[in-house]
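Per-chain residue numbering starts at 1, and chain names A, B, C, D and E are given in the order in which the chains are listed.
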Amino acid sequence: MEINAQGIYYKDLNDIIRKAIRNGEENFILRNVNGQRYIADGISKKISMEVYGVPGQDLGAFMKGPRVVVHGNAQDGVGNTMDVGKIVVEGMAGDVVGYGMRGGRIHIKGDAGYRVGIHMKAYQDKIPVIVIGGKAGDFLGEYMAGGVIILLGMFSQDAAKPIAGIFMGTGMHGGVIYVRGEVDPHQLGFGLIPKELDGEDQKNLKIYLKEYCDDLDIDLRKVLSVPFKKVVPFSHRPYGNMYAY
Amino acid sequence: MKKVYAREDVCIGCRLCEIACIVEHSISKDIIRAFKQEEKRPARNVVEECGPVSFSVHCRHCDEPPCVQVCISGAIVKDPATGIVNHIPEKCVGCWSCVMACPYGVIKRDTDRGKVIKCDLCPDRDLPACVSACPNEALLYEEK
Amino acid sequence: MKSWQYQKDISGCGLSGIINKNGERITGESIICSIACQHDRGNGLGGGFAAYGIYPDFKDHYALHIMADNLDALHAVEGFLNQTVSVVHQEKIPTRPNKYITDPPILRRYFIEPVKEGDRICRWPGLSDDDYIVRVVMNVNRDIKGAYIFSSGKNMGAFKGVGFPEDIADFYRLDEYSGYIWTAHNRFPTNTPGWWGGAHPFTILDWSIVHNGEISSYGINKRYLEMFGYHCTLLTDTEVVAYLLDLIIRRHGLPVELACKVFAPPFWQEIDRMDKEAKRLFTAIRMVYGSGLLNGPFAILFAYNGGLVGLNDRVKLRPLVAAVKGDTVYMASEESAIRAICPDPEKVWAPKAGEPVIVTMDKGASTTKKQARLSPACAGA
Amino acid sequence: MKYVIIGNGVAAIGAVEGIRQTDRQNPITIIAAEPYATYGRPLIANLLRGKIHEADLAYRPEVFYRDNKVTLLLGRTATKIDVAARRALLEDGDKVPYDKLLIATGGKPFIPPIQGKDGPDVYTFTTLDDAKKLDALVGKIKQIVVIGGGLIGLKAAESLHDRGLKVTVVELADRILSTAFDQTAGKIIGNRLAEVGIEVITESSVKEIVRKKDRVKGIILNDGHNRGCEAVVIAIGVIPDKDIVKGTGIETNRGIVVNDYLETSVAGIYAAGDVAEALDLLSGERRVVPIWPNAYNQGQYAGRNMAGARVTYKGGLPMNSIEFYGIPTMSMGMANPADAGYEVITRLIPEKNVYRKLVLKDGILVGAMLIGEVERAGILTGLIRNRVKVNSFKEELMKDTLSLSSLPGEIRAEWLNK
Amino acid sequence: MLHQPITKNYHDFIIERDPEKCIQCQVCVRQCSYGAHIYNEKDERVTEDEARCVGCHRCEALCPTEALTIRRNPSEFRENALWAPQFIKNIYKQADTGGVLLTGMGNPYPYPVYWDRMVLDASQVTNPSIDPLREPMELRTWLGSKPDAIEVEMKKGKPNLTTQFLPQLQINYPILFSAMSYGSINLNVHVGLARAAEELGILYNTGEGGLHQSLYKYGENTIVQCASGRFGVDSKYLNAGVAIEIKIGQGAKPGIGGHLPGEKIGKEISITRMIPEGSDAISPAPHHDIYSIEDLRQLIYALKEATDYEKPVFVKIAAVHNSAAIASGIARAGADVIAIDGFRGGTGAAPTMIRDNVGIPIELALASVDERLRQEGIRNRVSLLAAGGIRCSADVVKAIALGADAVYIGTAALIAVGCTVCQRCYTGKCPWGIATNDPYLAKRINPDIAHRRLANLVRAWGHEIQEMLGGMGLNAIESLRGNREKLRGVGLNEVELNILGIKHAGA
């Protein structure tokens, strides 16, 4: 189903989509999207959606199944608390991507904003993964409790900028952040240090990146041509000693 | 090896180290039972007080322990692995040679039993009882 | 009321701003379209605009926009103005009826010059023109009940009220104005509804400010400004930003980029890593202007005749997106608000926390160019 | 590298422990004339007295020899050393090759030429076998005479008395324990022994052991007095048992002369214990001081040197601790100064059997004797050993509350931080 | 003697000893410096003389079997709203001795504690609270006189600062250890304070007793005090720290000098104070070179001259009725920092009547001083320290919101190292080893433990301050300073609200 979203208020647009899904529609193409919020929000079916334009806030929030491809930039709150499914952004993404994400994949080709992957967490067999092809802002993976963030720094529009902002992984108590190339330790949150990858890391990284490269038509070999560093929590209870009982 | 070192400058002369030692080496390991129901044994350290000066003396577990050298019954042996100078009461005949030899005067006569008594660094504990009992960290258990 | 009893109002919002560095004037339709695209960031309790280059005929006079609850208040203002300044021209601010805009106050504008020393009566001798006008504004706003000067710069004006911004624009007939800088604000206030003065932008002289977020440091920002003669009477936190701009840039002479560093200074850990000179400078800024730090989430756009500046708080708790196309620079809370009026920008980016986007007018740009550019079709609303 | 030790006393144990500090691998052979693993030799008195059993005598646990890779040749006597071939020759003709050899044969009882000494019913008291023989007498005889009021003699007397025999001790000197004690001390202990019923005759010697049908019936003292008895224990003292070095060229004097590393005049051969004439700490001379701690210490230093460590033996300090019927006694160092060039301080409380004596030379403590009160006596030993100047606080040392707090702060700090 | 003096009958505490638990170990006997526990050799039993008990709880704390409980003596006078027991007991004491009543620590009377009448704000929805565990939360504070504005010139396209600053002190927490002299407390406590200050990146204050030789190495974290007695003050001392504090007054005893009796002037104190052993150390009530505000300026600049203008000069005053005007004068006299000490501030010794009746609460003094300095537009010219009865991190936050740059803690610091506020510091027999120089008692303070506990305390408060700041949506302490919006009064009347410059809760 193809929808021209131009001038359609977000609520009306999402109504159309929900109705179509109820009627068995599984494939959507949305054209001329500009700022409509909550696209694919809370949808629990394995639908496919192609978005042309700039979707608004909370794209794919709480979603549990769909595959959404954005042919352009996305705004803030992509994949908020999402559970299952995939969001591919061919351009840049805004702040707070994948907040509290419990599963699924978010693949961003370009830069991402602040607090990406904040408090994402793995649960049971679900391992959320965010791959950022460009650079990230401050607080990447802040109080991350599980899952994987991969930061490539390759497709940024700002060559001069460091690969990530400051306070990366602050309060992290689970999960792992892989960074292509080097991380300056001063960018990391308290108690964290960049570490070398082990065999298991290499294996998983390759699996995640293969899928990412396939989605975005990127040469995997080129991505893997530079060694990665990882950031993992120094403790599962990094603040355990802070309290007086 | 780790030994108990006493800090004279902050020893407050409370003698809780002695009490802890007695409790630790009692049968019940319960302070009130140890003092009220069991036969009282001396502590294995010596707290000395002289005016404002006070400090606790503990077996140094010497490298060349005079007590081991003089012991006629083989009741005092230095464990080559741990460095601890151990006393085996069953073998002690109460000749007091070790009392005579110990330059720290820290081997005591338990005259009721006719045997000596000495510090064993509390084999059942990570930290000797005296050290953990000291309220002012005047006893340090460390390698120097 | 004791000065400390003034209470700030708090609000979350959407912003948009446009500047043409070359001075080409843009009609109001563009900014209206852009802010309307962010309709859902507001709640209909406040909308407002600032426009620069709109009064070419009176460009050397201070344009006072005044709202008054009643004629008594208006007369009191006029009486005060007659005693303190000379009014060159005055008129109603043109409006058109809009069904969503109810209960507007009396709206007037006055083009004035301060009374120079040696002229008739000079209320406060020794002050510069700008300081003199600040004094006039502060006195009216503090002392005359029911009246409020909400714009006081030259060749610019603020237009604001209770309603969604697109309705406010319609009410003020902003489609009929054209300016080389526009800012707009869609407001979501939470505790003082229906107060026209509380809408953004806030202005003093030609400083105008629109703000998304909350200034948690308001209490000290206000007390700090009071030491320098500013009175924060408008029941909103954003007001302090306008006055801080006036104090720090105009009166203390700090460059705009350093003023931004007062509002969103680097963290000590960043300062500690700077070279010696920079460290000295930023330490000094934090020591001296600590009370001017804007703490809490904010994205602000502030404009003056010379440019437009966008700035985030130092941990980027509110969004801001910028884009460029040719001589025109756009800034908004959401990218879609830019794309709504500029679908194919040359560059789109999200500024870093605490790093201002400063766009100044090109040298030699004429701000009186008459040609108005057409706005593209508005896609969002 | 093969280590061989002749003798299985405390010096031998010291040597094994010394060797094993450095060398944990190479084999050690001990040639022991006695058929027993090393036992606490002084404990034979306790055994005889009935306070302990034979099993309690072991000086080291059973596993000691195995754990230390020691081959123990029990009941085998070495008779000769073939220096050139580097081997010890055994009585049974076996040859034990060595690279390093320790002679730790100890001492043997000195038997003076008393008439009637040869024959049955005359005993010595230095070995477990001696003790066993005496033990066998208990119940069979009623009276016994001990010749010699030294340590061994008195311990034998005490043990036999406790087992129900009537005991008479005959001592040549004017007091018992004449080497360690002075008259005051001797008197206190003498009185105590008399109190329990042991007869002590001083300033006297046995002229003859009277026999009838070869069996002992009594003794006659040199003043003509006599005592009836059924057995005699001769406990005059021990002399170094150095027979084995005959013909080796190893230098001997009273004992086998050793250098600061306990090595004899023949390289690779060491001597330690009661057989050796080693450094005496206080006098700085070499002499035989046949006491237990010296034997252990010398053995240990010899062992360390044998294994390649180059450690200097700092010298032994004479000391003895014995308790007589509830009165503990100790003497350390030069408790009985030879001449008047010493400062002597004493304190006597006769009614409590308490006596304390300090001997100073140039302000340095060189000897001490403690009767009755012995708590923390080791502090004095330490002061003697470390040659501490004690003039300024000697009064403190005289108190029964002897403590380290009597010591000046600096000395104490160093003392305690070891 | 069958008869007991009435003072003995009406003693303050009773000592309960559980015979089931007491093992006669005599730890209590050895620990009680007042002799309240007695070992009876004949009976081999520990007994007590309760009249001697000061309620310090040392014995209770050290008793290995928890056999001891110290309780308030329930023996009560007939109820009388006017003649409360302490008045009666005080009269007994004075009738016995004819002396001035002496006491220690701060004012214990139930005057309103305004900290407890003010509540703090927190963010909900309209702005996010900030998580201080993970996001930056800056407490760094600079003390010193600041200009109103800075000047920059552009050099090679980069702004360059041209303004010259007066000396500034960087502190990592808005908490300093207040002046407590060597003499009033012992060297072990000073060592603990100095080391903790060093570790924390804050400052401690020597008090007026000079600076012990062994503490010169902590100069980077030391404020040296210059009080009326000028003990131990020479040019080396003045240059030893990073700041100099002129003590005009102390919250616990405004208008009163100090007196360390000669028997407490032992060798080390004598050397440190630069006075003979055994002679009284008397601090006059006023500085006799300061009889007026212009004299204060004279001393401030004398000190600045002596230290080459490198050290900020603090002036500490007791909070009194006219503090606001006095503070304005002090600011204009050239002080870099003004410390105001409220009447709940502690002391080693003070006449009871003074401590309990002279001075005003710090909250009111602080609010009025900050407001006055702002009204006069000179708030930037000085930093403000609040002192006197700061008990917890919330008090610190409230003080800063009222306008303080930082606070001084004294009593809280001593409590951290063991003080139980028994108020008998003046006896020199402090059983906790704090307010005493008796070598037997002083070693009860292990400087290592004192250091650790003090550092822990300030760090813990730091965390809590960060939590509260974060809750208010602030991530830098300067946004709290003077931010009275963050405070609301509870149960305060209009006058009090006015002085504090805050609204009532709910408004």
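Heads up, the rule we're going with is that a residue touches a chain if its C-beta (ideal position, glycine included) is under 8 Å from a C-beta of that chain, and two chains touch if they have at least 3 such contacts.
As the structure is a computational prediction, the values presented were derived from the model and not from experiment.
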Contacts shared by chain D with chain E include exactly B
Selected interface, B-D versus A-C, where C-beta contact pairs are more numerous: B-D
Which chain lies the greatest distance away from chain A when centres are computed from Cα atoms alone? D
Report the chain closest to the protein's overall CA mean, measuring from each chain's own CA mean. E
Chain whose average C-alpha position is farthest from chain C's own: D
How big is the gap, in whole Å, between where the Cα atoms of chain B centre and where those of chain C centre? 80
Roughly how far is chain C from chain E, centre to centre by C-alpha average, rounded to an integer in Å? 47
Averaging over Cα atoms per chain, report the distance between chain A and chain B in Å. 64
If you average the CA atoms of chain A and of chain E, how many Å lie between those two points? 52
Show the residues in chain B shared as contacts by 2 or more other chains, in ascending order. 54
Listed in rising order, chain A residues that touch 2 or more other chains are 139
Using the touch rule from the top of the page, what pairs of chains touch, sorted by label? A-C, A-E, B-D, B-E, C-E
Listed in rising order, the residues of chain C that touch chain E in the complex are 2, 4-5, 7-8, 10-12, 190, 213-214, 216-220, 222-224, 226-228, 248, 251-255, 257-258, 265, 267-269, 277-278, 280-281, 283-291, 293, 295-297, 314-315, 317
Chain E touches which residues of chain A in the complex? 139, 142-143, 167, 170-171, 189, 239, 242, 244
In the complex formed with chain D, which residues of chain B make contact? 5-6, 8, 46, 48-50, 53-55, 57, 60, 62, 64, 66, 68-70, 72-74, 77, 80, 90-91, 93-109, 144
Chain E - residues contacting chain C, complex: 123, 125-128, 130, 135-136, 138, 140, 142, 144, 146-152, 154, 158-161, 163, 165, 168, 374, 377, 379-380, 401, 472-476, 478-486, 498, 501-503, 507
Complex contact set, residues of chain E against chain B: 20-21, 23-27, 30-31, 61-62, 64-65, 188, 433, 438-440, 443-449
